[in-house]
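Dumping the structure here so I can ask a few things about it.
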Amino acid sequence: MRAASQVLEEHRVELSTLDREIGDGDHGENMNRGFGALVTALERDAPDSPGGVLKLAATTLISKVGGAAGPLYGTAFLRAATAVKDAAELDADLVAKALRAALDGVVARGKAELGDKTMVDALLPAVRAAEEAAGRGEDVPTLLKAAAEAAAEGADSTVLLVARKGRASYLGERSVGHLDPGARSTSLLLRTFADVASGVR
Amino acid sequence: MRAASQVLEEHRVELSTLDREIGDGDHGENMNRGFGALVTALERDAPDSPGGVLKLAATTLISKVGGAAGPLYGTAFLRAATAVKDAAELDADLVAKALRAALDGVVARGKAELGDKTMVDALLPAVRAAEEAAGRGEDVPTLLKAAAEAAAEGADSTVLLVARKGRASYLGERSVGHLDPGARSTSLLLRTFADVASGVR
Amino acid sequence: MKKIINDPSTVVEESLRGMASAHPDLIRVQLDPAVVVRADAPVSRKVAIISGGGAGHEPMHGGFVGKGMLDAACPGHVFTSPTPDQVQAALAMTDGGVGALLIVKNYTGDVLNFETAAELAEADGVEVRTVVIDDDVAVTDSLYTAGRRGVGGTLLLEKIVGAAAERGVDLDGCEALARKVVAQVRSMGLALASGIVPHAGVPSFTLADDEIELGIGIHGEPGRRRVPLGTADEMVKSLLDPILEDLPFAEGDRVLLFTNSMGGTPLIELYLAHGIAERLLAERGVVVERRLVGPFVTSLEMQGMSLTLLKLDDELVDLWDAPVHTAALRWGV
Amino acid sequence: MKKIINDPSTVVEESLRGMASAHPDLIRVQLDPAVVVRADAPVSRKVAIISGGGAGHEPMHGGFVGKGMLDAACPGHVFTSPTPDQVQAALAMTDGGVGALLIVKNYTGDVLNFETAAELAEADGVEVRTVVIDDDVAVTDSLYTAGRRGVGGTLLLEKIVGAAAERGVDLDGCEALARKVVAQVRSMGLALASGIVPHAGVPSFTLADDEIELGIGIHGEPGRRRVPLGTADEMVKSLLDPILEDLPFAEGDRVLLFTNSMGGTPLIELYLAHGIAERLLAERGVVVERRLVGPFVTSLEMQGMSLTLLKLDDELVDLWDAPVHTAALRWGV
């Protein structure tokens, strides 16, 4: 989470710039504020289970991010926390389940479908890749790497899409040609989780 | 007067630009509006004596120019009208008297002295030159030419002065280096009267 | 970026402090989570009317808190919807025992955050209803967008429902009234120049010297299209025509006309535009019975304006005229 | 230049038309010569309070016409003092038989034009007094300048004297009260960016990205000096210190604090600045008893702000609190 916060801090301006092009220019600020608060909360009193950390992430993001991303990421982490219950360690199956639960949460809240140019376009391919990897019996680092790659590809695919959800949808056809900031932040988060799992960060 | 209106129209932007540098940027607009209205009034119903024209100029300028220049020029023309009474033609003596009366009016209203960086710095030397010319027995065109030249010089002299009256006085030392717009418009008017008297316009 | 601020990250908090010191008789301000409540909250046996949204639209919503309008406003960060805990705090601070109505502008973020708060409050046993306002005719309302945005009509909705709640109308009544207002109000805006979000530091969008953005949102989101800068007559017509067609407003209709500055357009231009709108409406036979002119639903220092038309009947006129005492709107008291 | 106008030469007239249509209950507008008068003028046996000045400072002065404030306002062209015939018309339209008080901001043009009008009116047998307001501490008041400018304090003067006149105070009393307010009020402003005069079409002045003009006038006349853009804390202090020293205001003094936007500065920044001013005053032991925050004495869309402090006593508090019903200020009614 600390790494995620750092990555989001590094990409704050990029995400806000993407959001300025097709939204209102605050996505980087929002994410950075939320994950910054999460790091502070973890430093104060870190839960000892992965589920506990995910739950703390959910409540912190919900109360600090605001905007569309706050409740969506909040719900995602909340559902993921519920999915992993009180497991002491996360194996590949659990990670895949948590990602699926997160996706279901985002879709339940935001009602976006694949191709609507939202974070779902990054998260859904990531979940599929994770499930395939889990099916193949890969370990967690490999699974997360696959998920992150799929998310990156998914995020890139949003450039060509017309936005149908969120603020960018007001633009209609004029949203084409711009990367969706929420898809980009999802891809950044998954890349970071993969890096941490494989010891790169 | 028609010629004066035309000249002011031509110099509208110049005067407003001078005024923007050390005032509020409306002097050209104000003068142009006033003399435009005067031409309209003259077209509607031209008085048949010089005094009548001067009086119409006074009332029109007072009610159309606004700003500092409106009452000052208005008073100048009013006093000039009083000075020439109902003379059918203006000789050199009368013109010199009218200019002196105009100056006295401006000073009575505005309380500016020579060197305060106002229209007085153009008008006062012009009056002196006119009186000298009248004393020498010059004719009206020559007298007005001398007055216009003195006014131009006087106006130019304002560049080096610190403003002590009007809006430019707020600037203090920072007013140095700029030509006073009111002195410039006085000089333009006298130049035009001289040109008309000598048949150049 | 030139702004009268100390630090982009504390703008909202410091501004709220200043607001609290400016209106000690009207409001109380809590900073974490940020809530503006009327000084005498909670008002017992009165439906609580609560709204909120990103900061940067001042006086909306904090300036509408007070007698006869909002019980509380939840200000988010600049142009960022508030979070559920702010709404929960507002609900707790204004609970008069007869339920609360949330007035939510239709933006994904606002809707999701208020929705989450409403769920949490219901779990706590507070009766909460939500009305979403989406008066902006610039956005095509279809399955393929997030739907129309809530803009200038929000003020009219908050004033009218606030007056009803103050008179003791119950939660069902307030909700029904709110839905009626939402159904009868339409807006559209345009921008000549963008404002600057403090933490961004650069204009949200840039327009050429001879172009305007027609159908702009209040967050600098792009509008329907960019068009050449026209005369005031042309600009006002380009706002009014789509509004009139949308409901549609017809000859003989009684309306409230709200001519709003987006912040940076001075009052001299706004009155000029208002006069044109009145003339165009008179030509169509639409009867302007009430008006409001000023910078009320703004987008920082954005230059531009919006027009809002609300179809009136005796009930709405009466509620509009009812006393209101807030920082931004005050009459009859 | 991007503005919501049709033609620079008709801006004031068209804006007045719009204003008339926006406030039919409050004012009547005459266009040639231009005068805004309260709807019920002339009020018999009431001293007429008349002001005016260049347009571009809206809502000043037209927005202050109505019950409890001005009887008439004479709007000149943008940033150009009105002409004597406007003032004469205003005097005629508001003559209640007990004289008139002219409130004139101290600019050479305003003073000369009102002076001319007063002379003409006296010749017609109307008793006219003139009070010149010069509250701007930014200008050195000496024999070598036109004297201090009239800025934000004008609003406070008009409100307080308007309240007295409404209560039936006679011409001597109104004049004495006006002189008392003038003696006790001080202001200072700063600008971050210039507005654009319609007929000029270009900014009145230009400032670098990191500088502000301290002591700016309301016509974009330059101020005391250009200084680097500071924090809000620094900027507010740089306005407040010269004001406090000038009168001077001392510990224990009761004051009205008026935090004014020059037009283009949004309310979120203005409240932030207001909060700082309140804090600094509290630190000095100056007691803020009344406040006003908003864009009231503006300079088109100029970005910037001004602070005005008025030393209060019970009489002034009472008159400030008295009912007022105008387009821009309204309470108690």
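Order as written gives the chain letters A, B, C and D; numbering starts at 1 within each chain.
Assume a residue touches a chain if its C-beta (ideal position, glycine included) is under 8 Å from a C-beta of that chain, and two chains touch if they have at least 3 such contacts.
What you are looking at is a predicted structure, and each value in this text was computed from that prediction instead of being measured.
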Residual chain clusters - subunit C taken out, nothing else repositioned: A | B, D
{"item": "Mutual neighbours - chains that touch subunit B and subunit D alike", "value": "none"}
{"item": "Chain centre separation (subunit C, subunit D; CA means) in Å", "value": "29"}
{"item": "Distance from subunit C to subunit B - Cα centre to Cα centre, in angstrom", "value": "54"}
{"item": "Distance between chain centroids, defined by C-alpha means - subunit A, subunit B (Å)", "value": "75"}
{"item": "Residue numbers of subunit D (touch at least two other chains)", "value": "78"}
{"item": "Sites on subunit B at which at least two other chains make contact", "value": "none"}
{"item": "Topology of the chain contact graph, where touching chains are joined (line, ring, star, complete, other)", "value": "line"}
{"item": "Pairs of chains, among all present, that meet the touch criterion", "value": "A-C, B-D, C-D"}
{"item": "Touching residues (chain side subunit C, partner subunit D) in the complex", "value": "2-7, 11-12, 14-22, 55-56, 58-59, 63, 78, 192-193, 195, 207, 209-210, 212, 229, 231-233, 235-236, 259, 263-276, 278-279, 288, 291, 293, 295, 298, 300-301, 303, 305, 327, 330-333"}
{"item": "Contact set on subunit B toward subunit D in their complex", "value": "16, 20, 23-26, 29-30, 33, 62-72, 74, 109-110, 162, 164-167, 169-172, 174"}
{"item": "Subunit B-facing residues of subunit D, complex", "value": "33, 54, 76-85, 107-109, 112-113, 115-116, 138-140, 143-146, 149, 197, 199-200, 204-205, 217, 219-223"}
